[in-house]
Every structure is written in C-alpha cells, then in structure tokens.
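The following blocks contain the structures, represented as structure tokens.
Each of the next two complexes has chain A plus one more chain, namely chain B in the first and chain C in the second.
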Partner chain A sequence: MNDFLINLENVLQALSAGLLLGGIYGLMCVGLGIIFGVMRVINFGQGDLMMVGMYCAFYLFTTLGIGNFLGAEVGAIVAALLTGPIMYVFGLLLHRFLVSRVTGVRVAGLEGEGHYAQLILTLGMALILANGGLLLFGSTPVSIKSSLSSSAWEVGPFVGEFVSIFVNKARGIALVVSLAVAAALYFFITRSRLGKSLRAAADNPEAAIYMGIDVDKAHRMAFGIGTAVTAVAGGLVASYYPFQPYVGLEFVIVMYAGVVLGGLGSIIGAFWGGMIIGLVQQLATLVLPTQLQNTAVFVVFLLVVFLRPQGLFGVNVTRA
Partner chain B sequence: MLELDDVHVAYGGLKALAGVSVKVGAGDFVSIIGPNGAGKTTLFKCISGIVAPVQGTIRFDGQDLTKVPAADRPHLGIAHVPEGRQVFPNLSVLENLEMGAWTYAGRRDWTDNLEYILGLFPVLASRRDQLAGTLSGGEQQMVAIGRGLASSPRLLMLDEPSMGLAPTIVDSIFERIVEIRRDKKLTVLLVEQRAVEALQSCDRGYVLETGRVVLEGGHEELLSDDRVRKAYLGI
Partner chain C sequence: MTRLLKPSRRTVLQTGLAGSAAIAFGPSRLALAQVQEVKVALIAPLSGPWARQGALKKMGADLAIKHINAEGGIKSLGGAKLKLVVMDAGDSAEKAKNAAQRLVSSEPDVVAGVGSWLSSFSLAITEVTERAELPWLTLSYSDQLTLRGFKNVFQTSLPASFMAGETMTTALNLAEKETGKRPKTISVINDNTASPVAFTKDLRAGGLEKMGLKVVSDDVFTPPLADATPLVQKLRSARPELLLMLPTALSDYKLLLEKMNEFGLSKGRLPVVSNGAPLGTPEILNLLGKDLLEGLIFSIANWPGKGQEMLEEEFKKETGEPWLSQDPLCSYGHIMVMREAIELAGKADRKAVGDAMRKLDTKGGSGRFFPGGNGGMKFDEKGRRVGAEIVFVQWQGGVPVTVFPEAAAVKKPIWVKK
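Coming up: the complex of A and B.
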C-alpha cells in the first residue's frame, strides 16, 4: 500500500467519522433550533436537558431493564427513542411552570422583549439541572454498554484489497436513527397543519392569534419537541460515549455554533450546521493536532459569520 | 352582532380610547374613519383581544368577548385583517391561506373557500407556492384578505386595506370587498383613512378622533356632513 492509498484511507476514515458525528450533532442542533426558531428564546439549558435525556436513556436501559429485555443492541436504541416522549413531557412542564413566565405573548411588550429574564432563567435552569444531576447521579461517568459500541462494520476495500473504512456499529446505528428522527421532524414542520401553525406562530405571533392559533400552546409544543429531540440525540450518544452530569457543557457550544452556522430560525439549517461542525472537527484531525479540533470549528464558524451573517440557510425575507 | 359599549383603553398612562361605543348589526357594512393616531387600530385590537379594555364591554352575538381568550375569538366567526397586512413571510401563499383556515369552520369549508379566494384574486393562484414575504404589497393585501376569508367568518374586520397601495389597486381592493360582502352575506367592519371610498361603500359610519366617536350616521348623512367634507373629503 503506497502513501497515496494510506492518505486516501485516512481522509475517507475521517470523512466517515465526521458524518457519524455530524449526524448526531445535527439532531442536537435541531432541538435547540426549533426552540429558538419558534419562541425566539435562547435556551442556555439545552445542553443540560440533553444530559437529563442521556441519564433517562441510561436508566431506561439499566434500571428499567430494557437492556435485558430487548438485548443490549436493540435496547440501546429503544431506550434512546423512548427518551423522546418522556423528555417531551418534561419540556412541556418546564415551559408551563418556568419558561412561559418570561416568554411569549406575556412579555412581547417588555424591555428587550424579556431577553434578560430569559437569559437568567435558562442559565439558572442549566445550573440546577447540572448540579441536581450531580446530586442524583453522582460524578462517576456511566455509559450504555453493548457489543455494538466495540465492534465495527468494514466498508470496502475500495481499491483492490486496500482502502477500507471502519464504521463503529453503535455510531452507525445512531446516525441512521438520527437521520430518521430529523426527517420525521422535517416533514412534521413543513407538511402537517400543526407544524405549519408552529411556523406561523414563529413568523408573526400577533397574526397567528388573529388566525385562532393559540401561540402559548404552540410555544409549549415547540419547547417540548425541542427538548425531546435533543434528548433523543443525547440518548443515542449515550450508547457509545461515557458521560457524567456536566456533559451538557461539552455539547452546548456545538449546538449554539451549529444553530448560528445554519442560520438562526432555520430548522433544516440547524441540522446542516451541526453536520458541518462534526465534519470539520473530524477532518481537522488530518492536518491539526487533536487539541485544535475545536479551534478549527471556530475558524469555520467565524468565516461563515463573517461572509454570510444570516447563516448558511438563513433567509432574509423582509417582514411585511 | 357586535356591540362595544363605553370602551376605554390605555397604553401605560396614554389613553388611546376614551369611551367608544360602536354597534354593528348582522349584515351591516360599517366604516370607521379618522386621522392618524385616533385609535382605530386599537379598537380593532380590542375586539380581537390583543389589548384589553380597562373599562367597558364588548359583546359578540350577545356573548361577553372580554371573557374569551384572544385565540378563541376567530373560532366564533371574527376575522381580523390587520393593518400592514401582517402575512406570514416565511410561509407560502397557500400555507398562509391554510393558516386562515385554522378555525373549525374554516377547516370544514376549506375546499370551497380556497376556490372562492383564488377566483377572487387569480394572481394568488399563480403565486401559491411563493413565500408571502416576497410578494408585492398589493398581493400581500390579497393574501391577508384571503386568509381572513379562509376562516369562514361572519364578521370581517379590515384595518386600512388601502395602506401603501397604488390608486388603481386600491380601487380593485375596494371592489373586491364589496363583492365579498355580496357573495358571502358577510358583516363588514372597515377602518380607513381613505374616507371617500370607505364612506361610499358602507351603510353606516363612525368618525373617530383622539379616542372618541365624534360623529356617527348613515353613509349619505356622513358624506353630506360639513365637518366630514372639510376634514376628510377635502371639499
């Protein structure tokens, strides 16, 4: 095998790792993106909601016995998916009792449209969740172990008997599930009546009320869905990645960067934003030391913000 | 059908409406005219529930509207075509109309209503998949009116549909409004700065100035009133 083939293999391997990571990042970003897109609220607690989702999947898998009952492989996926509805309800409750007090029609006329209060509330929520997690779950990292996370599919060889890439099975399955969830959400938002009403409430809350759309309810649903989607992404990450209650911090930056990169308010954009970050992180390892992965991400991030401030998928339709 | 009695509205300390009473009977075409800042839009927002009156009652078909949440009012049959059109810019024309049909009645009559709306404004048919935010002002006004009609309303409220439009388009919009009223046997409440057109099409009118009704009457009566002629018709 000559140098060229070795390089080719490295590039392909990094590309596939980037796609696997990016698909999961994309789903996380969609969760944050839908909350921002519909409610115009920056949720600083999103990373910690994801952490709760990860523990939710973990306890479904272990304590509730889904892992034993369905087998570790299927169980890990089912646990991640079940996290969705559970965290949806959690999101609804959070919105009902906390978030709705500083968002929506109620604060429309306030100074800064309530952004200060939102910042403090969601930041507070983040701290409470992270520290609450520490009390409840302890600081020892846990993970959902299955044979999938330590085995791989070989794709290839592409050139004669050379150039194969290896796809970790747990990550591969996580990517497929993540794409499926993102696609389902995309169809919900663009095609269904309810999804359209969420977009209408985002576009012009006052006009939405004139249509008879309950904007507060639309916000609650968006917060629930956003929480659930990020939590499912977390549940999928949990199937191959050890975590502890502060894991939210590791991902929250990725989520913000992804959402801004894709274009604030664009839900599809959020997915591609996350995807790009995953790809950049992995491809950067080809030319940069691993410690500089995130630096590469921010260079790309700054470039996009500099050259295309509305983000890759941001639309600049003037408001009537 | 709609009855406002002694309605007061204040924004902070500023009084926008100071005891307004307006009556709209079933099938009536009522116009409200008045200068900028008179409180016309505020009156509409009050009927739709976006702002709450500090005093006074609003009844729709005998029901006390102030006790009905804003988002439930369209379901009673009230359609509000707001000032400045306020279409959903990132939704397509068709999706905008679909959102108009969010009410129970609108959902039931969707197919018929859509056909009627596209017949009324044929341009919209060729623009159905275009984002509403990219439409011209006149087209957006058509979307806004169409969106109101899609809810199968009994009362259609229009807030300055002529705003910012060229004279020929204004004429055609007014013609459409008269046509809609005739076809659908709707009750119409119209707010306008263009007093001539508004008074010519209506049965009855009100003149609103600084939050008070200063004059009301049948359309002949208002058109021949000296004060109206001087202040609003420029005669």
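Coming up: the complex of A and C.
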C-alpha cells in the first residue's frame, strides 16, 4: 500500500470514528440542551446523571438478566433504552424535590434569576451522585460485556485490496439509536401539543402562564426528558466504554462545549455541536499529536464563540 | 498538685515491686519480659480509586504476620508477636503524608513500615518516616525514592529507569529465542501520566535505536481515551513487529485492546509488551475477558513463580482471590524482611532495626519472595536491593503466569511466529 492509500485510509477511518463518536456526543448534548433551553438552568450534574444511567443500564443487563434473556448484543441496546423511562422518573423526582426550589416562576424576581443557587445545587448534586456512586458501586471500572465492542463491520476495500474502514459494531448501533432518539425528540418537541407547551414555557414563561400552561410542570417534564435522553446516551456508551462513578466528569465538558457550540437553547444545534466535537476530536489526530486532540476541540470551540457568539444554530433574540 | 507531689501508697508499692523485679531478673531479662508484641506498619490506599490495591497489600501483610506469629514470633525477643498497624493513604499524596504523620505521632513504638504502592505516595510518606528514623520498605518503582540520600528507605523493586531498559532487552531476547528472529521495528503508545513518561524517557532518547529498533510510530495520548481508533489505525499502517503499550487507566487498555482485536492485531499477532501491576489484577480479566488479554506480556517488579506454589495456594484459600499478584506478594515479603531485621537487631527499637536493615545479608529467607539477588536480601548504600530483577508475566488461558526469568517461570512464553 503506497503513502497516498495509507493517508486516504487514515482520513476515512478518522472520519468514520468521528461520526460514530459525534453521534453519541450529540445525544448527550441534546439532553443538556433541553434542560438549558426550557429551564435556563446550567446543570453541572448532567454528567453524573449520565453516570447513573450507565449503572442503571449495567444492572438491567446483568442483575435483572436482560443480557441473559435477550442475548448480549440485543440485551445491551434494550438495557440502554429501558434506562430512559427509569431515569425520566428519577429526573422528575429530582426536579420535584430539589431543582424546583431554585428554578421556575418562584425565582423569576430574584437576583440573577436564581442562577447562583442553581449552580450550587447542581454542583452539590453532582458531588453527591459521584461519591454516592463510589460508595455503592466501588471504584473498579465495569462495562456491559458483549462481542459488539470488540468487533467491526469492514467497509471496503475501496481500492483493489486496500483502503478499508472498520466500523465498530457497538458504536455503529449506538449511532443509529442516537439518531433515532434525537429525531423522535425533535418531532415530539416541534409537532406534539406537549412539545409546544415546553417551547412556550421556554420562550416566555409569563405569557405561557397567561395562556394556561403549567410552567412548573413543563419544567419538570423538560428536566425528566433531559435526564432520560442523556441517560440513554450513557447506556449506549456503557456497551463499549468502561466506566466508574467519576465517569461523568469525562463527558460533562464535552456536553457543555457541544451545547454552546450548537447554540444555547437550540436542541438541534446541541446535537450538531456534539457531532462537531466528535469529528474535530478524531480528525485532529491526522495533523496534530494525539495528546492535543482535546486541545483542538477547544480551539474550534473558542473560534466559534469568537466569530459567532450565539453558536452555530443559535439566534440573537432581544426580549421585549 | 498535692497528688503530684505526694505519691499514693499504691504508686510507692508498684515502684518498689518493679525495682525489686529489676534487681532480681536483671535489666535484659526485664526488657525481654516487657516485649509482648512488636508493631510494624502498613500505609496503603484503602479508600479512593486505589483502594483495591491497598486491600491486596493488606492481605499479603496479614498472611505474613499470621505465619510469623504461628512460627513462634520474633525469637530474639523471646517470641514477641508481630502486630500490624494499618493506615489509609487515601487518594492523594497529601493524604498519604498525613497518614504517615499520624503514624509517627500516635504509634511511637512502631519499629518499621511498608507502603504505599504509588510512587508519588511513597515519596511523600518517606519524607515523614525518614525524619522519624523509621525504616521504610517499598515496592514503588521511582528512582527518586532512593536518590535523596535517605538512610531509612529500602527499595526492593528494580528502579524505573533500569526497568525500562531491562523490559525491552528481555522482550527482544524472548522474541528472538521463541521465533528465531529479533524484532527490528517497534511502535510506542503511552499516556502522558508520570509513570509511562518516565518509563519511556530514555527509550525515546535513543535507547530504542541503541537496541537496534526502528520506531515506526510513536504516540502519546491524554487519558482517558474517548476512542482508540486513531492510535490503532497508525499501528495498522506502520505494521511494527512489536508494540510497547503503556496506558495507566484500565479503560484505555480496554479501548486499545478491543480496537486491536477489531483490526485483526490481537491474540499475539502484534506482540504487546507493557509494564505495571494493574495488568495482572483479576479486575482487568473481568473487564476485558481472557480472549483480549491472551498473549499480552508485561514486566513487573514481582510475581509468584516456581517455589511459591504453596504460598499461592494458601493465599487463594485464605482470601478467595483467584491468584497471588505483585502487591500481596511484595507486602508478604516486606514483612518477612522486617522479621529478619528485628531478629538481627535483637530489640524492638526503630533505630536498631534500621541499622540491622542496612547490615542485612541473608540467603534463602525473605529474598525468596523477590526476584533476583540469588534468593538473598541485601541493600546497597542507597537502600536498593542488591541483584533485584524484573519478572515477565504473560496472560495465558485467562491467567497471568510468570514466563521469565527461567528459574521462576511456570510456563514458556508464547510468541506468535508470524
């Protein structure tokens, strides 16, 4: 294989890896994007909620026997999807008993619209979840075992016997599920009546109240959906990535960067923000030393913030 | 105040009896009678991310104490029993140092200690123990531990800078012996944490070239990896004959080995050499499965080999662990070194035990629990064990087994010929 073909294969492989990674980052970012978009809450606990989702999928797969019942491959995906409803309820409860105290209509008149209390609350929540996880699950990494994570579909060869792309099966399936969940959510938000009430509560809470929309309920639902979506992403990641209770920290930065990159408040923008991060992270290794791949992500992030502060899909709105 | 100035009748009586006893039995016999137990310490991470390694170290130390006491304790102290004082090093060098400070202030009669797995912890701990003149044994690899001019630090492992060179030379020799061909090309993948960077420093600075190796790809990454594709794709393109892989996080091992499997480079097709204790833990088997680990070779300071079968069986029975690994074996051996030093010192005094440790020169005793040195235990002027060697361990059939040195090897190394 000559240098051109080697370089071509490297580029195609990095592109494929970037798309696979970006898809799952996108879904994580959508979860955070919903919470921020509807509630205007910066949730520092989102990474740790994802961690809870990962353990939830793990125990559904192992202890509850989904893996034995459905087989490792199908079981891993079903466990990830079942994590959604469970974590939705968890999110509702968190909102009902904690988050609602510092968000919504009751803090509308406070200094900084309650953001100081929200920061402290979500940060505290993150610490409790991570350390509680350490007590409950221990520090040894675990992952959902299936043959999917160490096997690949070979696409190609494209040029004679050369230039093939290997698509990891677990990541490939995770990408498809991510796209499906993100699309379903998009249609739910834009087409359904409940989705419209969420958008109304996000756009102008006071006007929404006058129109008979229960804004607190809309916020609760948004927090539940945001938690569930990120948890499903976590469940999918758990099928190929080893995790421990501090894993949330590895992803929360990516989530924030993705949401800001895509445009604060834009759900579709959050998905594409995550996708861009995945692509930059992998493609950067073609031209930069591997240890600088995350630096490349933040250079792109800063460039977008500098050139287009509202994010790629965000709009500048001046409220009346 | 009155009580202080006027001793009670009971105090006078007790003092009188003690004095009479001293006259009757003489000072040495009284000293012997008073030493019922001798305290030795273990500082290990028992909480936080390295708690598992700390627990393994404690298992080995507990077993050694049990054996010594069952054999009659310290003979030169009239059969005094050994007692283990355990302190938690936690998850940072600062906490480890605090544990050492607590130890020297609250347990003044501890005569020697061992700890604390991570080099950074051991470096912090020994700053405290050296000031307290407390003899301290360690398995940590850092050269710096025994380069500070400390008199009471004793390192049983081959220091890191020697370990890297030894690892590569041994790997090349093994490859040549098993395949008849010495590898000429190598790829290096390591993360940018302290230990792998130190390990590869001299190798990158011309060390590999001197060994006749051409570096065809060289990657340093920031852990944890999100995806190992770019790294393994480079291996696929460069096609090295040998891979030196040094991540520190288990998650990175999983991603790298799984990706190699995806790309058809696993199961020895691309021989992988690594270094460090985490590679031999049962957790990595649980996380990666035996197929992915098959054929992986790693160098390590200590691993059970020939002649330690009985100890290993007893350890497994006592603890329920699937095998004896570096951490419990070292702490078992370290307690045995302490016994020899206390026996030689003839008194439960840390300065005397420190002197004895420096003079120690035994054969067939505690040295049996460490590789090299012809089974002996002796420290040089820096506190490094004389003749220390490394062990090569290879995953074969889901179990990490010693494959080098030949004297300790329980199985032959497997090196895929094509």
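Basically, the second predicted complex is superposed on the first by the 317 of 320 C-alpha atoms of A that agree within 3 Å, B and C clash if a C-alpha of one lies under 4 Å from a C-alpha of the other, contacts with A are read in each partner's own complex, and residues count from 1 in each chain.
Methods note: a contact is a pair of C-beta atoms (placed from the backbone, for glycine too) under 8 Å apart; a residue touches a chain by one contact, two chains touch by 3 or more.
Small disclaimer: the values here were computed from a predicted structure and weren't measured.
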Discussion item. One more residue to check, A:I213. First (chain B), second (chain C), both or neither?
Written reply: first
Fill in: In the superposition, chain B vs chain C on chain A residues touched
C
Discussion item. Looking at A:N204, would you say it contacts chain B, chain C, both, or neither? Reply first, second, both or neither.
Written reply: first
Worksheet item: After lining up the shared chain so the two structures overlap, which partner does A:K196 touch, if you call chain B first and chain C second: first, second, both or neither?
Response: first
Discussion item. If we overlay the two complexes on their shared chain A, which of chain B and chain C does A:Y241 touch? Say first, second, both or neither.
Written reply: second
Practice prompt. Identify the partner contact of A:E250: answer first if only chain B is touched, second if only chain C is, both if each is, neither if none is.
Written response: second
Fill in: Residue ranges of chain C in contact with chain A within the complex
48-52, 192, 219-222, 224, 226-227, 229-231, 233-234, 237, 250-251, 254-255, 257-259, 261-263, 283, 286-287, 289, 292
Practice prompt. Write out the stretch or stretches of chain B touching chain A in their complex.
Written response: 48-50, 69-75, 79-80, 82, 84-91, 95, 98-100, 102-103, 131-134, 140, 147, 151
Practice prompt. Report the residues of chain A in contact with chain C in the complex, numbered from low to high.
Written response: 1, 6, 9-10, 13-14, 16-17, 20-21, 138-143, 145, 149-152, 166, 168, 171, 240-244, 246, 250, 281-282, 285-286, 289-291, 293-294
Fill in: chain B-facing residues of chain A, complex
193, 196-197, 199-200, 202-204, 206-215, 315, 317-320
